[in-house]
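Heads up, the next two complexes both have subunit A, just with different partners, subunit B and then subunit C.
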Partner chain A sequence: MKIVCVCAMGLGSSLILRMNVEKALERLGVKDAKVEVADTGSARGANPDVIVSSHSFCEELADMNVPMVEVVNYTDIAYIEAELKEILSK
Partner chain B sequence: MLSEYLNEKTIRTNIAASDWKEAIQKAGQILVDEGIAENTYIEAMIENGEVNGGYFVLVPGVAVPHAKSEAGVNKVGMSLMTLKEPINFITSPNNPVKLVICLAATDNNTHIDALKLLADFLGDEDSVCQVMQAKERKEVINVLNQYN
Partner chain C sequence: MNTIISILTSVISQAAVLVALISFIGLVAQRASIERTMTGTLKTFLGFLIMGQGSNIITGMLDPLNEIMMEAFHIQGVIPVNEAITAMASEQYGTKMAFIAFFGLIINILLARFTKFKYIFLSGHHTIIMAALTAVMLSMFGLPTAGVIAIGAIVVGIMSVLTPAISMPFVRKITGGETFALGHWATTGYIFSGFIGKIFGKNPEETSTEKMELPKWMGFFKEPVILMGIGVFIIEIICCAFAGSEFVANYAGTTHMVVWALMQGFIFSAGVSVILLGVRMILAELVPAFKGIAERIVPNAIPALDCPTVFTFAPNAIMVGFIGYTIGQFIAFGICLATGMTVIIPTLLHSFFMGGTAAIFANATGGRRGAVIGSLLTGVLNNMLCSLLFPAFAALGFAGTTFADTDFSIIGLIFYGIAHLLGVA
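Up next, the complex of A and B:
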């Protein structure tokens, strides 16, 4: 399972997001997921199973038809956890 | 250690700015004054906002402007500036902004430890609130000292 955190640059906000996605996965007890960061350009080629990003990037990548976690507050781990749990249960 | 990047030299409190571009200009100027980045980096951070919107307002009230290192970063660094009055940064559900933290990175790795501490700080609503309300630099430094 590959989760890709997307932002414009791939070096600031997506890294913070990755840290918090990893914390959320730990809380969910998920061990076999890989979390990467990408900018919108490379996200398409990364073949993600799940995308985590903010609204405008989720909208931009909507045509990829990949489950998305749209975050508002990058440090709200409980929210990320709940969203991932829902996606993983499907 | 966060204080390696956010300290007396790189923190300012209660700065006035008329809009988000001026706010980034002023917070970015701290990076330039400290030799961390060039003026071109300030322009790139502002352009990032114009092109990609306010996605870098990561948590309620806090903007983390940044751009690609090729745009003019000399070394890893950060600046922190609290605004006298809250300002809306383009569009974002986390507006208005009271705290601006500029990030300058050279690659994807050198700044990871500092970024982790920054992420811990941003996740702590009480600490963020204390920094937003700080009247003096040393109040901010006291709060950030927890993150080492």
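Up next, the complex of A and C:
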């Protein structure tokens, strides 16, 4: 499974998201997921199974029809964990 | 023995190898698998080389632009893009940059551990950029390499805990909490904006930008690299028009001026994209390693994060700030033209990141009026600071681009001022 964290330049806030997504996955006991960072352009070409980003990028990429985790507080790992858990259970 | 020394010196003087070594140490400290350690180290190495190649692309298109601009307007315009000048600086100062960043991060951890400023600065790209700034500025003083690294690292380390600390009162208001701080080196500009909001704005809760309905088309402003391409294209076409097609043909050959200008604009974007790819690869290894080590040494560490982490709390303010900051940039442009100072070209990229964040700060203290005035004045401030500092870089052989964010300009100006007083610049 590929999770892509998206931000404007693909190297600032998306990296923070990646670290926290990896922590959340660790807590959920998920071992076979790959987490990447991207900007919106690269995200489209990356074939993600899940996208993690802020509302404005999630809205922009909505046409990709990929489950999304919309983040407000980038450090809220519990929130990311809960959202991922819900997506994974489907 | 001589062979060993020669290899070691080559290793240390090749910045790409040095940065890869830092990654290697970080990965080993985290007890990563052998495979992970090798790929991580080599990716960092590759990332640094990619960044250097991106710099070549930018220099390649900035040189003709500078000459056309000179022919057209007899001015030397400067497009401030942190990544571009950092990549250029890495050619000559790369080794110093790598050491400054490395020791700067260590000093950050030590300061967080032993003072009440528990901030861990996680915007790695800014750490690298500040390392570039200090390496370049300190070279004015003729210090030995060890001195440049020591002072540079101390600046990076102190700034890493100081700037999150001084913006924290505002960030608390914006995010409603203490879970993270702001780690972005335009902080002095943001605080300025926050105070402007307090002075000129009113009723932040009632007149907040988030209570406004903004049109959908403004969402277009979220693609920074595309915006840069369009922005540079506009600059190119204006300069080409005034320089005359005959002059431009020296560079464009038989290609029509407009088409050539479009190409040049997006070659700039291409160069920035390449640089970003390289920086991304470097940070992918360094930031998690740094965070992992820092968290083990500093209990209750507060991460200081890149500015978009506050965007989610006031998305409308970003659009307001974009417009306000752009207007401010044009005002600064006019002031530079009128006074004969270095002309800083309005760069939409900054209207998004710095304009957006400045507006968020001013909105928190002064509602939408604060957001407009705060972002506008911050745009003027940032570009005027760039203009004041650019002569220092011009003297060192840089042309066409410079450091953009407020804190880089302030630190640069402090060094420039000291150099003036000492008579070395």
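Assume the second predicted complex is superposed on the first by the 90 of 90 C-alpha atoms of A that agree within 3 Å, B and C clash if a C-alpha of one lies under 4 Å from a C-alpha of the other, contacts with A are read in each partner's own complex, and residues count from 1 in each chain.
The criterion applied here is as follows: a contact is a pair of C-beta atoms (placed from the backbone, for glycine too) under 8 Å apart; a residue touches a chain by one contact, two chains touch by 3 or more.
It should be emphasised that the depicted structure is a prediction, and the values quoted were computed from it without experimental measurement.
Q: Let me test your reading of the model: by the given contact rule, A:G12 touches which partner, first (subunit B), second (subunit C), both or neither?
A: After superposing on A, A:G12 lies in contact with both subunit B and subunit C.
Q: Output check: A:S54 vs subunit B and subunit C. Expected answer is one of first, second, both, neither. What do you get?
A: Both partners, subunit B and subunit C.
Q: Which partner does A:A62 reach: the first (subunit B), the second (subunit C), both, or neither?
A: Neither: A:A62 stays clear of subunit B and subunit C.
Q: Taking the superposition as given, does A:M1 touch the first partner, subunit B, the second, subunit C, both, or neither?
A: In the superposition, A:M1 contacts neither subunit B nor subunit C.
Q: Do subunit B and subunit C land on any of the same subunit A residues, and which?
A: 7-13, 15-16, 19, 37, 54-57, 72-76
Q: What does subunit A use to touch subunit C in their complex?
A: 7-13, 15-16, 18-19, 37, 39-41, 54-57, 59-60, 71-76
Q: Sort out for me which residues of subunit B touch subunit A in the complex.
A: Against subunit A, subunit B makes touches at 48, 51-53, 55-56, 58-60, 64, 66-69, 93-94, 103, 105, 107-108, 112, 115-116, 118-119, 122-123.
Q: Give the list of subunit C residues in touch with subunit A in this complex.
A: 122-125, 175, 177, 179-180, 219, 222-225, 276, 279-280, 283-284, 287-288, 291, 303, 305-309, 311-313, 315, 352-353
Q: Which residues of subunit A touch subunit B in the complex?
A: Listed in rising order, the residues are 7-13, 15-16, 19-20, 37, 54-57, 72-77.
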